[in-house]
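Only one structure is covered here, and it is reproduced in the block below.
Labels A, B, C, D, E, F, G and H are assigned to the chains in the order they are written; within every chain, residues are numbered from 1.
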Amino acid sequence: GFAQLDHHRTLRNGFPEVVLGQGKQPEQVAAIVCRLAEHSDKVLVTRVDQAMADIVCTEMPDVVYKSLPRLLVLDRSKPIEKIPGILVVTAGTADMPVAEEAAVTAELMNNSVERMYDVGVAGIHRLLGQVENLWRARVIIVVAGMDGALPSVIGGLVSVPVIAVPTSVGYGASFNGLAPLLTMLNSCAAGVGVVNIDNGFGAAVLASRINQSGQ
Amino acid sequence: GFAQLDHHRTLRNGFPEVVLGQGKQPEQVAAIVCRLAEHSDKVLVTRVDQAMADIVCTEMPDVVYKSLPRLLVLDRSKPIEKIPGILVVTAGTADMPVAEEAAVTAELMNNSVERMYDVGVAGIHRLLGQVENLWRARVIIVVAGMDGALPSVIGGLVSVPVIAVPTSVGYGASFNGLAPLLTMLNSCAAGVGVVNIDNGFGAAVLASRINQSGQ
Amino acid sequence: GFAQLDHHRTLRNGFPEVVLGQGKQPEQVAAIVCRLAEHSDKVLVTRVDQAMADIVCTEMPDVVYKSLPRLLVLDRSKPIEKIPGILVVTAGTADMPVAEEAAVTAELMNNSVERMYDVGVAGIHRLLGQVENLWRARVIIVVAGMDGALPSVIGGLVSVPVIAVPTSVGYGASFNGLAPLLTMLNSCAAGVGVVNIDNGFGAAVLASRINQSGQ
Amino acid sequence: GFAQLDHHRTLRNGFPEVVLGQGKQPEQVAAIVCRLAEHSDKVLVTRVDQAMADIVCTEMPDVVYKSLPRLLVLDRSKPIEKIPGILVVTAGTADMPVAEEAAVTAELMNNSVERMYDVGVAGIHRLLGQVENLWRARVIIVVAGMDGALPSVIGGLVSVPVIAVPTSVGYGASFNGLAPLLTMLNSCAAGVGVVNIDNGFGAAVLASRINQSGQ
Amino acid sequence: GFAQLDHHRTLRNGFPEVVLGQGKQPEQVAAIVCRLAEHSDKVLVTRVDQAMADIVCTEMPDVVYKSLPRLLVLDRSKPIEKIPGILVVTAGTADMPVAEEAAVTAELMNNSVERMYDVGVAGIHRLLGQVENLWRARVIIVVAGMDGALPSVIGGLVSVPVIAVPTSVGYGASFNGLAPLLTMLNSCAAGVGVVNIDNGFGAAVLASRINQSGQ
Amino acid sequence: GFAQLDHHRTLRNGFPEVVLGQGKQPEQVAAIVCRLAEHSDKVLVTRVDQAMADIVCTEMPDVVYKSLPRLLVLDRSKPIEKIPGILVVTAGTADMPVAEEAAVTAELMNNSVERMYDVGVAGIHRLLGQVENLWRARVIIVVAGMDGALPSVIGGLVSVPVIAVPTSVGYGASFNGLAPLLTMLNSCAAGVGVVNIDNGFGAAVLASRINQSGQ
Amino acid sequence: GFAQLDHHRTLRNGFPEVVLGQGKQPEQVAAIVCRLAEHSDKVLVTRVDQAMADIVCTEMPDVVYKSLPRLLVLDRSKPIEKIPGILVVTAGTADMPVAEEAAVTAELMNNSVERMYDVGVAGIHRLLGQVENLWRARVIIVVAGMDGALPSVIGGLVSVPVIAVPTSVGYGASFNGLAPLLTMLNSCAAGVGVVNIDNGFGAAVLASRINQSGQ
Amino acid sequence: GFAQLDHHRTLRNGFPEVVLGQGKQPEQVAAIVCRLAEHSDKVLVTRVDQAMADIVCTEMPDVVYKSLPRLLVLDRSKPIEKIPGILVVTAGTADMPVAEEAAVTAELMNNSVERMYDVGVAGIHRLLGQVENLWRARVIIVVAGMDGALPSVIGGLVSVPVIAVPTSVGYGASFNGLAPLLTMLNSCAAGVGVVNIDNGFGAAVLASRINQSGQ
């Protein structure tokens, strides 16, 4: 096989290797999913378009494609109790695909996930009216494009870790997510860790590690 | 003379030419101030350091140097009633030099100015507790470095024009003010106009034009 | 519903929430427009392509699509007298879509709008021949791509607020509008506020607030 | 007073407001420290040079200046048992000031901190020989300049959260820390959250929140 | 002819002119290949898509198109013994097209090439388990996208020249390969030379010159 | 009409207004060409694709479309003697579209143009073998992508003005022409003026003004 | 000697090698000036600070230091008639050092130079009132910082070549001259060639070649 | 000790760990040099200023400071025959410090080094007149700032590996070496590997590995 699969990753990192779909050929992805499924009861592929999904699902009928977050999910694990504690927040409606990438990934990693969407700072009462929900969380993922201001505001309201995800939502001087990325790195509220632009997946892995910390 | 002073600027723009001190030689600035003072009862020089101020003030003893905003001010005008309506807000204490550049400039242009400093979004109750002061203003200048998130929040709370001034306060990925500049240009609240990094002077000119609009 | 609509926005900001069409699914936009129309007699969606417009207009037949500025407009309000004072200027013909986004938005916000198009600095007599029109305005929106030089020239000719809108018109070292954006932020004429690249909408909101200031 | 201190920050965020020393005047910092010390038994000022430290320590003799991490620390709290779990790793010796900013901050926040310095990837056996120390940690702060490759390697070896801190150590195409910042945001190992360049303080706050999560 | 072919290039550089297919018209490329083939028994065209390949291969039936590395190859030379010594390594599966561009080019230049693919630092045991293969090489080409960390690790393990090839694999803050490019230029292991993003061809030329050095 | 055509441009600038086709609608361009043709016997439109050309040529049958340089040309002028002196040089074959944009524009402006294509520095004998042709010119336009090194070499060989045109030919770290643009601005040979990336048109206007200087 | 002086440069380029003072040691510069003076009756060193000037002038007493343009000039040539035709224009007073670098260089190259300083677009009547002076020139050098808008305006008023020199005058989003550099490259008036930021010298060489073209 | 010295580096990489002086405290460097000298008969510290050199040399009198390349060198090894083959070329005199960093490093690594300085492309006959010297080399290091064009020219003249070192020599749009860095990465001559800006040391390590390849 061309790919050198990392079958020990569950041992080291607590979850099997996740496949980045984008930039691979559908056939490659199908082959990789098959081989991973031989060693693990969960397989996740990210950044998958419909055409790739169709080819993989034809080969592996129990793989599910979630079109909004563009994820391929295979889950043959036995249902277990999920660990509560992760809250996913978005500034706008257009940030939902990235937020759902985070939420679905975190759920697959045995966390139960709360969602609070479309509460950006242009109408800050939407957030302040739900501040108890913020306080209930053990870790908060905040997804925002354009000005990326939401993590700073939330970071100032809570004492739990905040994971900031800049998105490419916006245009012009957002420079495909550079603007919210810089905003978040310069957050005047401390306790905020930043992941790559549109990287809901990475945010979920970090949140899951935090949420399951000490378990 | 080397400089071609624009003595009609008051006619066209409502205020005499303002001198950018930085990058000029102190002797040049002193000479320009003298010549401007022959035609106008107010002279303003921006971005002036102490050494330049000393030389100019020696030649023109009624010129006043304000060290925090680094302004040289000559004001021989008759006291008149100032026009209320401009509020200057800052996110942090370190933004005060830029804020004062704006406030002093606006006052010299016959506006009375309110100040609300150090109310950044990391402790948003500081802002929300004074929201009536926001609502009293006719135009609001918001000065912020680091994440530059404050104009978006204020823009969402008011229906008057907001002028956002990014500052070079911060370090690392603030890239000398690029981060808050991009934040402000991408503000998810509309009605926000942005000026150059650290340009309190320009914000004041714009605010003054707005505040005196229709007078 | 997925989106948390901000129905108080008219109270706080003087106009209902405006929808950014780009990056949303047509069905989402149609649903949002319906819900907004229940609370407000005006709805505006920006950055809409023809395909999205077709789907929304099928569901809401009294929504109008303006293809040049790419706006969806629903206006069930009673005709009232518009407030004069806003002038929209462009440097070139290719800047018209952004200029019209500004003009139509401002008109929907009860302003009457003058237009002065294609008067860029390469043929400056075109502008200087109409300088009285500049002087009649209470606020001027200047839309320019490429070198973005026009706001500096206009800013030097008037004493009213100038709102500069950089456009992505150009190629090469315009870097999709970065060049005129930087030009406008560094305007040697003071009193110029800048909005995001191609953001005619934001310019109109700011202009409308200025134009209706004190009313 | 000029600064609007946020005395509720301990309630909301679990620690009093931390002062960014850089960009403030020494007298301002001394005044702020005094006022904060009236409400809290711990005060922290970051990015302080020797001259500022001298002035503050003259006024407040029980404030301690740590010159390597450039921190001013006031700690009048009763000694309590520190919570173990935080490991601070550096790639090189020159990353130590940032690492110590993180370590001292985390200790002040009641964490006990392990250190593993100078184990960069150019000599990877130095890291691999201590992998058990990595596995003992509950959260790992990784500080690296130049290529910033260390967090990716560590992220692949552990199942706990990794906080990556890019430093400005390097020259040329490091562009003052931009290179390791981008490296870390693109880490091929998931579970890595990034903070601002040279921001040891922010990394410590995030690590402390994670380490004390669930307590 | 429009193109001024450089028929002495074999004399000066040891290999005939290689054609950059991208940005040329298929007919131009076909004509150039014909003319080059009159002077040389090997012709190579890089960055060729399927449509261009079809047109060229129709005219020159013994030209072979390799779709993964997007190369057109004409090889009428007599088989000779290849010189061993070049190893091509990739961090991920998605880096294979660039790696194959390097490998096929190097083979055409009379080198035999070893491949070690998908051994990125997120699972570093995959690399360490094959360290003898690294030590057997005389020159190593390392191809990596995203964080681009692999060349630093390999550079620290060997005493032969390392050629680092950043790829555009990744998204967001990879900025189309800028992130791994900067990483590689800042490698904390010395002895690493960097070529352009996605430039497998250039890496192969450099590797071939090194491998045949002294022959 | 929407466009405010600048019919005095010939008087001021020596040539009628040239239309930038890109970013306009084909119908707009057709209308503008018609109106310009009423005042001038030459009309030029730049950056025109085939679809726009078809629409314009249908309306104005004596307009000619040159597909390589993507120019629409109407020339009803009486043939006159062209002024010799302009030489257009390219580094590679792929730079020809930009070079032809320059050459055709200069010819329309009554210059006769020499061409020397594909003489880039990778095979510098191609240039040195024709150095007499360089010395015959009165002004030289040098078009190059990738490293953009050719203008520096030519600038060092001649005593006439050199106009450097960076092109977007290349990939990766050429960043769409940024690399050769910076190279040319930093030319170690003096006497080189630079125009925008891919701006063959602008280079021709400048060259024509120089070539006809003193006539 | 360490430096390989290019004594044929007058033959090829019409003027002896000019020395870039910055980045060299004063002793190196003194030695180079001596050696150049043996072959040529004119020597020019650019970007020289006072300390370097003192050392060189001590060794070579007939070398003259011009402190505003920071030039060292040795001129032992016989006075000859200068060729008129070059006009140097600046936007502001702070652009004068760069403008004088251009003017003095051009004069040394046997051109007589007109100056028109401080006529930036913020007060455009200052320029328009002297438009006849523009029309008298054979080539115009336009020096501007901040928005860099002046070359576009002048380019639209004349039919001679315009050389645009961006300066580092400004702050914030001028990014040390990047803003006016991009403005000038995107000039909406054609016929403008751009040189490096603050490169008055290079502008003069180009202008001199143009001015003496055909002589 | 604070630093974890990598005493196996000679085994793995063929040379002991080299210390980056910049960013460390002089006392740290002195201590590191002492400890390294216990295990190795050669020690090298790069990017050292005079103050650091004085402190280290006081402690270790047989350490030699070379001020031009800013290197500290300890060499207690027995003289052996150096391996010929490395040529170091510079474009200008100001590139000499970086070139000497490369040359001295390579010599310490048992290579004998030829130098060819100040042969930049503005006077290309200086290079072409010595082309036999190029052909004698087994590997060529080319050091250039400003336009960075020299490696492309040399790369086209030889069939051996070329290592390109961009320098920060220049100003304005050189952006501290970014311009020549991009030029070199986009070299139209293949077979060129690039190292970090001003990284003469890294170039020497790579050159030495190539030069001693197969020994």
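Criterion: a contact is a pair of C-beta atoms (placed from the backbone, for glycine too) under 8 Å apart; a residue touches a chain by one contact, two chains touch by 3 or more.
All figures in this text were calculated on a predicted structure; none of them were measured in a lab.
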Count of contact steps on the shortest path from chain D to chain F: 2
Selected pair, out of B-G, C-G or B-C, that shares over half of its residue contact pairs with D-E: C-G
Centre-of-Cα separation between chain D and chain A, whole angstrom: 26
Inter-chain centre distance, chain D versus chain H - centres from mean C-alpha coordinates, in Å: 35
Distance from the mean Cα position of chain G to that of chain E, given in whole angstrom: 45
Chain B residues counted as touching two or more neighbouring chains: 12, 92, 122-123, 156-157, 172-174, 178, 181, 185-187, 189, 196-197
Contact pairs between chains, per stated definition: A-B, A-C, A-D, A-E, B-C, B-D, B-G, C-F, C-G, D-E, D-H, E-F, E-H, F-G, F-H, G-H
Residues of chain C touching chain B in the complex: 12-14, 18, 138-139, 156-161, 163, 181, 185-187, 189-197, 201-202, 205-206, 209-210, 213-214
Complex interface listing, chain E residues touching chain F: 2-6, 8-9, 12, 17, 20, 22-24, 28, 32, 47, 166, 168, 176-178, 181, 196-199
Residue ranges of chain H in contact with chain F within the complex: 91-92, 120-124, 128, 146-149, 152-153, 155-157, 170, 172-175, 178-180, 182-189
Parts of chain E lying in touch with chain A, wherever the complex brings them together: 92-94, 96, 117-119, 122-123, 125-126, 169, 171-174
